[in-house]
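Take a look at these structures.
Both of the next two complexes hold chain A, though its partner changes from chain B to chain C.
Presenting the complex of A and B:
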């Protein structure tokens, strides 16, 4: 398209009082020769907004540069639809609010900022959205337990066809094994009849739901909006075209045979919670020797919160044991109930169930089990340390011991396979970032280059980002729900499955429009690969955190646009720089760097380029401005989609420009990572390790490039970080390439 | 390895059956222990007694709670009770645990003469029954009859103890002054039994209470004025369990109402700084906080000061739960903290409204040798001093 650029400089919010607007306008009119450059004191007001709108409609302006506040505010006011290119120059939060007014350096900062925006506006193109062939909006639900049934039913009720695949011959999953379910309703202190049958009936009666029981997923190929799913059932093969997937395969109890220390397998009257449900379902709770159970001891955290077994809490075991205690009390109100626990965890209304069991005389012992022994009549004697009296206590013989074992997600089962890139030449092993582990758990059988199942977080749960967006996984268009995502009870599973169904629906809708899903919802761009220059190094396929890119048999990357989250990590990874977006590219940033004016050495005005992650670091810089914190005026901020999209060549570009230092501001990484794209900032740090070589080759100190992890709440640390870096650069002296 | 203690469900069930209905509701958070006034003093009892742990021993029926310094330490002040997040009736649990040994005849040595006197004389102070009404000589108090509205029930302590008799006499004067229709049955009454029940002697309590109930019913008593908040507690909360249903009020409540109605006024002046000590049984146990303060403030010239811990956070004098008969070493008495607080606040008079509090605070005041700067007075005495300076 032929661009006609309009620059609109707002003088409101103190900008006009701080800067020489006339000089600033000259950057646009004289240096860049833009045809339209206007100022107004209130662009987000009706009159200002109308001025811009009128220029678009009447003057043919199609590239709008608004030099005003941060792009993180007023985005609804400055929105002109998909046919207009928009760039925002942040004069307010990052310049006038944190630097002295009418100061030479503040002015230079503003002018450079506008230059960078104009360079960017000159480079970018309107994205053309991707539209796939035969796109559908059908939701596939894998797993027919409570979560799966809920997800399929909720999708269908919202008007989306759903297909449910269940391995076993019947629907219902874990709920089928229960005598009663923990209370869903007030007064929350009485177990309820299991209601899974009604849910199954409702599901089966829904015309928009197709159910395959006794069936398995043989393969899921393709991408959101156009997955091709192969299902096998009774030796037959069925294929379904699917829009998005809900993974609801649930969890299984921890293997009690590993708990011999608690007497399992050694004494016949030590059983699991699962077995207890079975006994209760049969009627009277009796032992194998026929003795009616009059006293019982529940051992909580059997294997849970134990580094040797399951290190985590499964949240529901306490409630299940309390529920089972009522089974026995119902049978015999005089029965003795012991509960040995680490901490009783009865979140929400379950506290009432706990109180009820206490009221009924349950004996709760907090502490560690020392030993369980059996007497001649096969009664069990439990010796434990009672933390609350500080004494070792022993019970009278109890008829039965029930072990409350935790939940193991189905994604945590199966042979491990580690996805790894072939180390690039000259790369030491430790320089490659942490690899993800995928287990062959035979749930989804994805035809993905990155492996057949979901990459999992700690402990094998298919989570992605617990803090910011728990429903997302590391595979676009596949949403985990229920106890496969994290340990949860039935009520939470229903909520979780409903939420996942909503995410799955959103995904099919956005994919159909060619738009990105979370977190860049609405972004129509997707990566272009200039394949003629590809060297088949596989870095893009390996580093993509979402497994978006497949490979052909010659290792050429095969991108799947609807799997893409538009983070640009592939762009940062590509050593040949062949990957770009219409509105985000390696040369675009290069041109922004080149747009910065670098004063001569004798002017003693150093320059620092900051590559700031748009998701956390950039908002933190804005927050610093909002709080009017002061820092040096040498910095020039370039927002990036993710620090993982940083291509090493930008550092060389910056240095050869005579700029004195580069600061990378990215998210916290590690186990509790904050990155919206999982490991972007971690990848950037890994790449940075290689920069030292480049710098040495250029005869520059590697201290000139620094990386800091920062979250939005760390805004108060911004001045110390920026000024600390400036101080170090001062020690190093000016970049010797200045003026070249 | 330490000795292994055996959990005894039989013992647990026995304690529960003695009245500890809410024992199993305790979740062992320990708030009770932290709020317990024993945390403010040092000494053997403070070290041995942990109310949270005592509940725990009861829950498991474990040995170890029978030791005197543990089992008989609780002053039943109710600080833990009103703050318990699980609404555990902690004092009932204490009473029930005491009952498991007391019913078996194991009352601690120091308390045996008290129980003995209650059995023989109907009061804990070894006073003869025929002398119970001796303090009334010359006061011209009518006997309770169908013509009188209220029965004035005077605490044993104020019947026999010379210091405490002053309270009874002052209350009588004030009631007369306000024109209240009341009479007495003092010579036929016995101890209300509040403290002995707290000590765990359920049998003795029942005997005393039944005797009073029979007397009150035979005379047609409907409404009772008590001089002591302990008797008030007993009539309101214990007697209904035995079929004794009377409308009981503490004299401060009644006088407070009469003050508002204009039927009582305090003519004289007493320009003093006065601090009020809320008795546990008047405050936390019966929730009477305002009446005594209103009465104090009705005295022209009197300036009311609030102590550091006041109203529902009031610090116990140390005299409840049978502890009025305990030998507590000097330096470990709660009353001393109260006296020090009042002296620090520069109060001239520390007023309270309970005969046990008077006993404990008087002791503490003279023990600390603060008698020259602080006077301890019962509210009725203070009001009489204001209206009739010569008393």
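Presenting the complex of A and C:
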């Protein structure tokens, strides 16, 4: 596209009073020779906005640079559709609102800022969206329990074909084993008839649902919108073209035989909750020796909340035991019911079920079981330790003990594998980022470079790390639902599966339009690989947090645009700089750096480049401005999609230009990371370690490059961070390469 | 033919989620919020458990999703007057209350500097004050000022009007009603904190140093009324001892029968706010059961060593009128001992009341006895999402409203 650039400098909100607008305009007109450069005191007002629109419509301006407020505001006013390139120069929040008016350094800051915008505008191109061949919107659901049935049925009800694959010969999963289900509705204290049969019938009757039972996923190859799934059923191989995937393989009960002290396997009258359901289903709850159960003890947290077994709470067990207590009470109101617990966890309206069992005479004992033994009549004697006093409590023989065993997600089962990073020859070990562990759980069998299953979080759950985005996974287009994601009850599983179906549907729609999925929905750009210069170093395939890039047998990267989240981490990783987006590229940032004017040493005006994560650090800088916090005018801010997209060549570019320091502002990393691209900010830090060495070799102190973790609400810390860094640079003195 | 568009009522985390999720699948969405900004209750929260991360981070992403998506139309300061019709074909009357500030507002803030009137800042639960013209909070989206017409002196004052360089203030704005046609409706109006004055034996409203958990969030927030410093309301002094009183109204047949689900984790989280400012402060938590579900157990394990955990429901709180120090009376359920503990400050872990207990959907809908939208009797085409259905934490609300988005889409395609 032949660009015609228009620069529009707003003088409102104090910008005009603070800056020499005429000099600023000359940056556009004289230095950059842009054909159109105008000013107005109120560009977001009707008249100002109309001026820009008119230039687009009548003057052929197709590249618009608006030097005014932050791109976070007035986004709707300054929106010109997909055929216009738009760049916003942030004069207001990040310059005039936090620097002194009519000051030489503030002016220089504004001029550099415009220069950087113009360099960017010159480089960027309109993205052309990726459209794959034979893209479909069919949803694959793996697992045919309550969650899987729900996901498949809810997708179909919204008009999307779904394919459900279940390993066992029947649908229904865990729900099939229940006598009754925990209450879904008011008055919440009466267990309800299990309704899984009706759900199965509805699913099977739906014309848009294909069900494979007794079937397994042999392989999932491809990418969202165009997954090729191989299913094996009864020795036959079936293939399905799939748009996106819901993983709903559920959880299994914790293996009770590991709970030796609780007597499971040793005493026949110590049973699991699952067995209790079976007994209740048969009718009268009796022991194997035919004795009617007159007394029963439920042992909560049998394996859960126990560092030796499952450290987490399995969430559902308290409610399940209370429900089972009602089974016995219904048959035999005189029966004695004991519940040994740590905390009774009945959130929300389940409290009413708890109250009911209390009213029915259930005896609740807060204690930890030390041992369970059996007397001559096969009754069980429970010894518990009072949590606080340490005193031992011993029960008389009870007829039966029910262990409330917890949930283990199916993704936690299987041999552990570490996907080898395979660093290329010559690179050192510490430069390789942390690799993730994947378990061969034989659920998805992804044909992915980064391993066959979903990377899981702690305890093996395929959960999201994000509170705000609970369906976020590290495999684009694959969403986990139900108890494979986190421990949950039946009602939550239904909601969860419906939500996951929503995300899966959305992914197929966005992929078909060539758009990225969360968190960059609407972004039509995708990375382009200049393969002729690739050295097969594997850096991109290893570092992509989403497993988007495969490899051929010669280690060439094979990108999958619909798996890509457009964070640019591959671009940052590539030592040959062969990866670029139409509107975001290594040379684009390089040109922005080059656009900064670096004063001579004797002027004593240091320069600092800040690479700021656009999700958190950039808004934090804006917030500092909105609050009129003051900081030095040496800094020049370059927003980046993610700090992980930082290519170390930018540091070389900066240093060789005589700029005194580089500050990276990115999201918190570590266990509670906040980076929306998982590892971006951590990878940036890893790369910095490498830079330090090079800098020292060049007689540039490695302190010239610093990384700070910052969240959006840390804006009050901005002045200290920025000025602290400037002070350190002053100690170091000017960049010795200045003026070269 | 069914209308393809969807109405989402409530612009908190649940409503925002339902709106963006539905729109990102290609549906047109009207998002209606009664306040002047989106984000609802979570904008008032300092940090989320268990990551201790700021809610504004996720909101920023969600607002970005709204900004770049032409399919979502946001109406703040708006309420639903009536709903008529049926699934696939609802006619909804929306009433937009005046902001008195138009699109020209650049949020420069000059108006607020000249406003002569003060009002209690409801965003900070009345702990501090704003002018009659004010920005709801620092991260307000949309970033526009708003006038509280209950206290504004009107045209005869007009100071803000004359100082505004952008003709952004229109004191003669009036409420406007308009109709939208939609195929389905997501009702996500959220929750209110249980009125702590009803638990009168805890002294909230009488004793200044008894606060609620939602107020604690504002006290700990760096953009809150104290700049993030947790101090005693009575004298601004540092806190040496503090007690969290769980189930202040929840799990109590005289108040809320149900468990509010989130308060245990919220108090554990707030204990970290206190400890990070006052490592030596004595923090006590009085509880019936600690409900740290699922993986939250890890957070409970991590912080409990720093806290004095006492199992027992607090009977009464009394105050020394001179010092405003507080004494908590409780029967320790583990030791049987009747305890009295003197503390500087008390945080009541008040529960969640569904907004539908106060304001019902103007359409035939079934509720349970606590005012939650009944899960089994939703009308086709109108779907509750988030805390109007049951007490939920943020992640669960997001999950539930993502599900509601799909139910709403189904209503627009049902054959």
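By our rule, the second predicted complex is superposed on the first by the 727 of 740 C-alpha atoms of A that agree within 3 Å, B and C clash if a C-alpha of one lies under 4 Å from a C-alpha of the other, contacts with A are read in each partner's own complex, and residues count from 1 in each chain.
Operating definition for what follows: a residue touches a chain if its C-beta (ideal position, glycine included) is under 8 Å from a C-beta of that chain, and two chains touch if they have at least 3 such contacts.
Computed from a predicted structure; not experimentally measured.
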Clash-or-fit label for the pair chain B, chain C on chain A: clash
Which superposed partner A:336 touches (first chain B, second chain C, both, neither): first
Contacts of A:393 with chain B and chain C, given as first, second, both or neither: first
First (chain B), second (chain C), both or neither touched by A:73: second
Partner chain(s) touched by A:362 [first = chain B, second = chain C, both, neither]: first
Partner touching more residues of chain A, whether chain B or chain C: C
Which superposed partner A:531 touches (first chain B, second chain C, both, neither): neither
First, second, both or neither for A:312, with chain B first and chain C second: second
Contacts of A:503 with chain B and chain C, given as first, second, both or neither: second
Contacts of A:616 with chain B and chain C, given as first, second, both or neither: second
Residues of chain A at both interfaces, chain B in one complex, chain C in the other: 355, 366, 386, 388-389
Sites on chain A touched by chain C in the complex: 12-14, 42, 44-45, 69, 73, 75-76, 154, 157-159, 184-188, 305, 311-315, 343-352, 355, 366, 386-389, 457-459, 461, 463-464, 466-471, 486-488, 491-492, 495-496, 498-503, 505-506, 509-510, 518-519, 521-522, 615-616, 619, 623, 626-627, 667-668, 672, 674, 676, 711-713, 716
Residue ranges of chain C touching chain A (in the complex, touch as defined): 13, 21-22, 24-26, 48, 50-62, 64-65, 67-69, 104, 106-108, 138-139, 143, 165-166, 221-223, 251, 257-261, 289-298, 301, 311, 334-335, 368-370, 372, 374-376, 390-391, 394-396, 398-403, 405-407, 409-410, 413-414
Parts of chain A lying in touch with chain B, wherever the complex brings them together: 336, 355, 358-366, 383, 386, 388-389, 391-396
Touching residues (chain side chain B, partner chain A) in the complex: 1-9, 12, 16, 24-25, 27-28, 52-53, 56-57, 59-60, 62, 64, 86
